[in-house]
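Right after this note come the structures.
The following pair of complexes shares a single chain, chain A, combined with chain B in the former and chain C in the latter.
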Partner chain A sequence: MRETRLWSLHILVIPVIAVLLGMHFAVQHYAPVFYGMSVEKARDFATMIERGRSTAQFVVYILLLAAGLYHGLYGTRGIIRELPLSPAMAKVVDWGILTVGVLIFALGAYVTWWTFVHPGV
Partner chain B sequence: MTDTKQITFRIRRYDPDLDTIPHWEEHKLNVPDGMTVLEALQEIKAEQAPTLAWRSSCRMGVCGSCGMFINHLPMLACQTQVLHLGTDVVTVAPLPNYDNVKDLVPNLEPLIQKHAAIKPFIILTNSKEIDEPTGEFIQTPEQRDEYSQFTFCIKCGLCLAACPTVATDPLFLGPQALAQAYRYTVDNRDCGLQERLEAIDAFHGPYQCHMAGACSQACPKGVDPAFGIQLLKRTLVLDSIGFGKKKSSVAKVMPLADIVKQIEEFAPPPRTVGK
Partner chain C sequence: MANKPTAYNNRLGLKGWVYAGNYTFERYLYIGHRLSGLGLIAYMVLHIIETANRMRGEEAWAALMGLFASPVFKIVEYLLFAAAVFHAMNGVRLLLVELGFFLGKPQEPIFPYKSSVMKHRPLTYIIMLLAGLLMALGGSSLFFK
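And now, the complex of A and B:
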């Protein structure tokens, strides 16, 4: 893929991350302000599982996971590829980063899905 | 008689035939007002260090040969007046980010290779027009203004010496080549963006620029290559989403008949006196 498209996507996900992370903070860390709920209660396991069953929460976290992973791993690739690497090694780094990204996304998506379909505690 | 000031020149010396590592030599010189670093080096070579080597030619900031690391900044020796530096000790070293050939001579091969990689020439896709031109290319002053400042590049290599990204990533195309890629791509006579993509739309292309701006500060001709890199990014992004400037594969030419007509239009006005 053209580097321009990879780079543009890495820039485009910044506002996505800002909005979704803002939503995460509002729900998880500023619950007293936005929901009149104590922080302890908001972070309680049962509350989180309960929240995880909402479709909106599921979509938000899947998107945040994808956007955050892409942005972070693109940056990591940039740092590693700046080292004097052979073309073969550069390919290994690219595929390695892609593999790590897919694996972490699969794990994160599985956890989010598990929470979404879990009957609760 | 002109007042002089004694200045100590700390010059980094390296002869690959004699030295394993570079060393510093000090030379004292009475420097008159207006003397450039290049003139000072010439005097030191004539009187104190006959084997001192550097590269220079025009002595007027045009050829770009005498780039050196003067007081830890990349500058042209012929454009830098010693007393304007404001220090009693002036250090002179070869440009960083290049291999050192001898004393103050850098190996500028990477600069030339990167410059060549971006195909720094007008690329036409209409070969018939190249072989048998039907007229002249049209370019308005506004179209020329789009790339004008980037044509001032003298390939001195100071921008690559100043660039922190080149210091860590030798494969980075660098400010000189990328600004020139923009210069040719934005030229309305050029149809070569797609041919340049392999070199410029790659990992070591414009997106590796950390936007330190050191290249623009070092440039002795005011080219502002950092700005050129940002403009190149915009061009590439617009092209990647299909909003790039569409250039006809046949470069627009002004028919010869029109040129003749235009010449007639610019004919001197009829005489009003002495008819």
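And now, the complex of A and C:
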């Protein structure tokens, strides 16, 4: 049951990734197409801070962090666990992956927050 | 002893990572899906660490973006884009298979047997053609604007 739930979550977050990563690409790469802005300008420090101060961007980044990291790290766990690991080793792998995920998510969330509350440039 | 039937020993192991036989079209797609998935997650982790550089201020950020504007990074960028397109398109195909779409109706197994993989294959080709088209479009806007 637990494995079924973990796998279902891996699949359920896919629509979230598809939409948010699509938006992320539109902002970072299709800025000339969608925002009438050069790519240099879209990635400029001031533009980035302005973007990150909006509530919508804050929500998008936190969700993309959670969904992308979960999907990718669950997939990595599956690949590693195809090896003939002893149950003890399998536990080590699970906890290792979980630790990496939590740490990277914490860093990303902190940076997103730092941008959100930035006084502006 | 190698195949002692325990809960965890009955797998191909490292050999299964590298070589597990049955090299059909879908098998190559599987390898591609795995490599692109690993590439994307590796990129994502580095990307989160790299974009955290904004906390070191405007100069540090501008220097980093300048580095990414170099030709080498443009190629790296394109490879990453191609990996994302392939992974997403093949991922949609996998979802359809896993949810049971386009596999044909279940039938009694009477010789000559029909394989659901073959039933699915025309769709597989269409999806891969679409992926190729998207990659070409992305590349053309990136390299020849």
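In the analysis below, the second predicted complex is superposed on the first by the 120 of 121 C-alpha atoms of A that agree within 3 Å, B and C clash if a C-alpha of one lies under 4 Å from a C-alpha of the other, contacts with A are read in each partner's own complex, and residues count from 1 in each chain.
Following the convention adopted for this analysis, a contact is a pair of C-beta atoms (placed from the backbone, for glycine too) under 8 Å apart; a residue touches a chain by one contact, two chains touch by 3 or more.
Owing to the predicted nature of the structure, the values given are computational and were not obtained by experimental measurement.
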Touched partner set for A:Glu3, first chain B, second chain C, both or neither: first
Touching partner for A:Ala90 - first (chain B), second (chain C), both, neither: both
First (chain B), second (chain C), both or neither touched by A:Glu82: both
First (chain B), second (chain C), both or neither touched by A:Met48: second
Greater chain A contact set [chain C / chain B]: C
Those residues of chain A which chain B touches in one complex and chain C touches in the other: 82-84, 90
Chain A residues within the chain B interface of the complex: 2-5, 7-8, 78, 81-84, 90
List of chain C residues in touch with chain A within their complex: 7-9, 11-14, 16-17, 34, 37-38, 40-41, 44-45, 48-49, 51-52, 54-55, 58, 61-62, 65, 69, 84, 88, 91, 95, 98
Residues of chain B touching chain A in the complex: 165, 168-171, 197, 201-203, 205, 207-208, 233, 236-237, 239-241
Chain A to chain C touching residues, read off their complex: 11, 14, 18, 21, 40, 43-46, 48-49, 65, 68-69, 72-73, 75-76, 79, 82-87, 90, 100, 104, 107-108, 111, 114-115, 121
